[in-house]
């Protein structure tokens, strides 16, 4: 333990030294993301799926679509549920068991990114108001955890949704029945893009690696929509941001997000 | 659908766009806790209690070089309209984490290696903005427990309602408004320690919303200071 | 650990010495309760609520009333459920987590005190026999734990019930629907009063403080009703009672309970 | 609704008001347990097994100055009319606690610091009065395990049925009667170690009910003693 | 710990030495089971029950039969569920708590022995297709754990089933209602018999005791039906079997099983 | 009901009775794991990752005389037709155990006392025969992690479909066929390390089924060896 603390301290000093010279440990510019690859349809048994690699972070996300009961007081909307699991094979520090607070936060931030941008028109997913709706389950299995799970998980979830086919259900005897062979595109209204930034000292860097996360002061995840609005935020980390820094972060999120959105739009 | 703002810019509960709900805070309300505070923030009623620095159980969670902070945000079953299951929900677990990370920048735990400071928050009645109100109480409970701090943490939400940026979103505005942005701020150090957003804002609205929230935190700070002084003046007078 | 055992031993000797002189550590007589204050309506969002302070013990109880399904084989009765949680801020020895056996016993003893005195006419809470009934949830959050949680929790639960307003539900399309603006008093038949006594040596004392609980030999909680009957009992602790002692306890419970009942009756 | 008592004061199962159900007890029925007993008390069928004194896991539960007692009361899924979920219910957890506190006055654990004595009770068939029958078996299992004891603990319920105070409430009387008062008693020390009550009694009925219960415990005690002697005589005869 | 490892090693050497001479620690032949006694009807409140003693291993199994909803996609079959618990009084190494992987395996192997032999015609247990069926719950409480729980638990479950009486349910208002006083035999088609064998060195022995289990290399449980077929298998243990050994085991299972089946047939 | 075999002995997915589905394996696919492998076996898609030898937590599980092996088999919620609850089912817990006992005969852990080797398996898509495909990947992940092994473990199911003994049961054959017998085998040592059966076989069919399964394992072994060589040749070439 003591050793790893000293190592982390040394690593932080090294990273800070480089940042002062405008450099990052892996040679990226401050606003560069690691290489992003997105493969869709990797799980044919799911209604939609994607494998995302963001640097060495890798995630497989599957979308399952099936009839369900609506939430109380939300009988005019379909159901949308995001979950995530850091598989124990993805990270030597993860143990099997109930989700940690880190994983619960991750799944909820990804969920809000999709929900608050109003990416999907959930009103189109109602079969009988207050009784029967379509449920969309977006489950992410993190297979290699190497920094910035927020963005990787968001991209995988959005890509799996964009590429999914929605089965058709009809109501017979008050119960939903699958109509074989008929599917439609999901009711997508906008494309959310999550950009996570870390503050280390006075420097704001995009898409932190696991080394950078280990020594960052604070973290900010900003999700924007196609129209250039800011729709969801999550601050994390052991320190804070100034007003100027959070304004700067929003500008970075909008500019960097545009590139990612183009990559995602191709999947529609 | 409630009308959230009238033609004179007055909100559904009678406030102006830049006006806080009524806030009252009392410090040192619990006998067993090392520090405590009770806040009524609009219709929110929230207790915060602090224990520590004390030994960590289980021991493997301890840090050799510093004290650690733990936080539990919990809602009583009767605190919301539909009875809440007493087991912690995913929402409560996430809020516990963001509250912890909003307090961490303020507390100085270096001098208490291998110990823990526990912050326990109980929402007795919820009315929109519970996490901010909880933070306001928790920050004072930490101070009351004598934990060394760089600054108080003051918290308040801003948001967008009826196309206007407004301060301190209430329950109806949270349910039916356009955006809710909880912010926690260290007023003397000028640092935002919690920031979240649900809703859609243009970049200009975003800046205005953050600024509005920070202004609210500064107003809350004055009320927190007064509550702290009330306790310690009273004590000295005895 | 060793130290605290020695301290507890010393404290027990001190308390016993005082009891022999007819005194208690905080100056009370053997059959005196600590000051009791009851505030009702403290949680306006609940259908009924109370904050009780009994000495330094403090409890907030809320009552929620909502339609539910009846228990199997009890289709002609409404539902009554009591829960309790010792909040971790109430006690340095309480950790967050599932309820301990102490808390489960507490909630069940409070529940039986209300149920076995037949305080509420549960038959009046049926909407459709065997299908739909009114459920009454009495949840207690203990905010400061300083001895005799049994009585404090019982008083808070009874006070919250006495002061609650029952919303009206009608059956439409076989489902219960709230009738806005119409409420009634709860169907109260009698007022249960719980009196907890501790035996230390040969002495029986009422309303033990946490110091007295830490060194008591045995505990007896007796709940009586308005008619002067004995309706519920719970013995606890590491030792027992003689026949004469349990008879004496029942007399104390009846006499001390009368005062408390008057305080509760004012809330109706 | 069953008629619980006829005009001659005979109860629904043919007993008089002061009569116990049939009881048979066998001590030392399990091979692996350090001590054990099996009781049939009316239609109740209950096993008790004791392990210890043995090391405590987890270790932080151990007491430096004395042994500790733990107790688990559990019902098999098939023991009641409707199949019971195997996970422990709140009722089972409470009964485990009151049984532990009924046995604690009898066992002498001072000489076994840092150890635990575990009492495990399994209700194979339940028929009213399980906690008393369980205690009767557990007390003998402790004796069979050689745990030093101040006295046996004998248990039996009394109650009110058809306006009469009766001994040893059965299942129908428990469901439809007026009061049920389980009592555990150390006959030689004259101490009540478990007492509960569900139902409504006048002060006079209360006294009579306690006395009736104690009398029942004394009858049970004789049956327990005989069961213990049966085992040890048999052993010596071998 | 170290001591018990050395003891286990010594015990293994002793057992191996005996096996080379054709002997077992308790004097049995390699293909001899320990004495088996089966008592049925021991829990009159259950629909069927059995107490089985296999050597010093003892199990009480109860069968409960009650209406239930069918599993999705299995609407034309009744429900069959087997559970097991090693009671903490049965074994000094068992702690109260959720079932261990050993107990889950045990219950699932017993379940498959009954299910895969098609002992019961589950199609006869349907009240309304896809909506209401009869559920059969077979719960085993292990009261003394002294080796070969697989076979003992299987015999107890089969015996409890063979001796059970199935209550009659009729559909009224779409809900199942018990018809008092009318029962039938369970729809039994064949009798499964489980035989568990241990390999220690090159020796295959039937019905291992707990000493033999502690030092065995591998375990094989084979369930056969009345018609002489092999219907379920489960290999366990830290080592494997050769092809010749698994063939030999199947022959043993068939021959030894015949004796047990006769004992079980008497219960019908 | 699908027709599982046509008049020419060709199965519903076009295979002959003794033919494996397509298998592709890649070793060393994960960055964080000490060893890993990814297998596509028919439509099964499964990842295996290995960590260790490393310290055991909780410590009381450690063995003073040898390393221990732990195994977790888990299915992603999207891996099957109906979404699966992420919490481990009883089926997953049992399969974790039989996979562990199928790998134990192959690994040599004597030289790593007080440590654990953890094998984590994730089924990303399931299509019949997941436990065998999982074992094939896990065995390679152990080798990739440098854990000393006596032999590889190769696994494949045989079964009975349309009254014929066939190799490598697929999903439809598992659902509607007559018997499914998963087998794991150490090809060089000639030992069966996993064997289960669901279904009804005559003694003659049983022998043929075991033999067919073993033959399949030998075919799988060649594919495993090639995958291992592909990784290490590639590495050496770099």
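Residue numbering begins at 1 within each chain, and the chains themselves are lettered A, B, C, D, E and F in the order written.
In the analysis below, contacts are C-beta pairs under 8 Å (C-beta built on N, C-alpha and C of every residue); 3 or more make two chains touch, one makes a residue touch a chain.
Worth saying up front: this structure is predicted, and the values here are computed from it rather than measured.
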Listing by label each chain that touches chain D and chain E gives none
Sort the other chains by how far their Cα centres are from that of chain E and give me the top one.
B
Chain of greatest Cα-centre distance to chain D
A
Length of the line joining the C-alpha centres of chain E and chain F, rounded to whole Å
27
Per the C-alpha means, the centres of chain B and chain E lie apart by a whole-Å value of 57
Quick check: how many Å separate the C-alpha centres of chain B and chain D?
52
Multi-partner residues of chain B (each touching 2 or more other chains):
57, 82
Using the touch definition from the top, which residues of chain A touch two or more other chains?
none
If you connect every pair of chains that touch, what shape comes out? Choose line, ring, star, complete or other.
ring
From chain E via chain F, the ring reads E, F, A, B, C, D
For the complex, give me every residue of chain C touching chain D.
1-2, 5, 72, 101-102, 104-105, 107-108, 112, 116-118, 220, 225, 228-243, 246-247, 250-251, 254
For chain A, which residues count as touching chain F in their complex?
42-46, 49, 56, 58, 60-64, 66, 83, 85, 87-92, 95-96, 137, 139, 141, 143-146
Residues of chain B touching chain C in their complex?
30-33, 36, 43, 45, 47-51, 54, 57, 72, 74, 76-83, 86, 88, 118, 120-122, 124-127
Quick one: in the complex, what on chain D touches chain C?
64-65, 82, 90-91, 93-94, 96-98, 101-102, 104-105, 181, 186, 189-203, 206-207, 210-211, 214
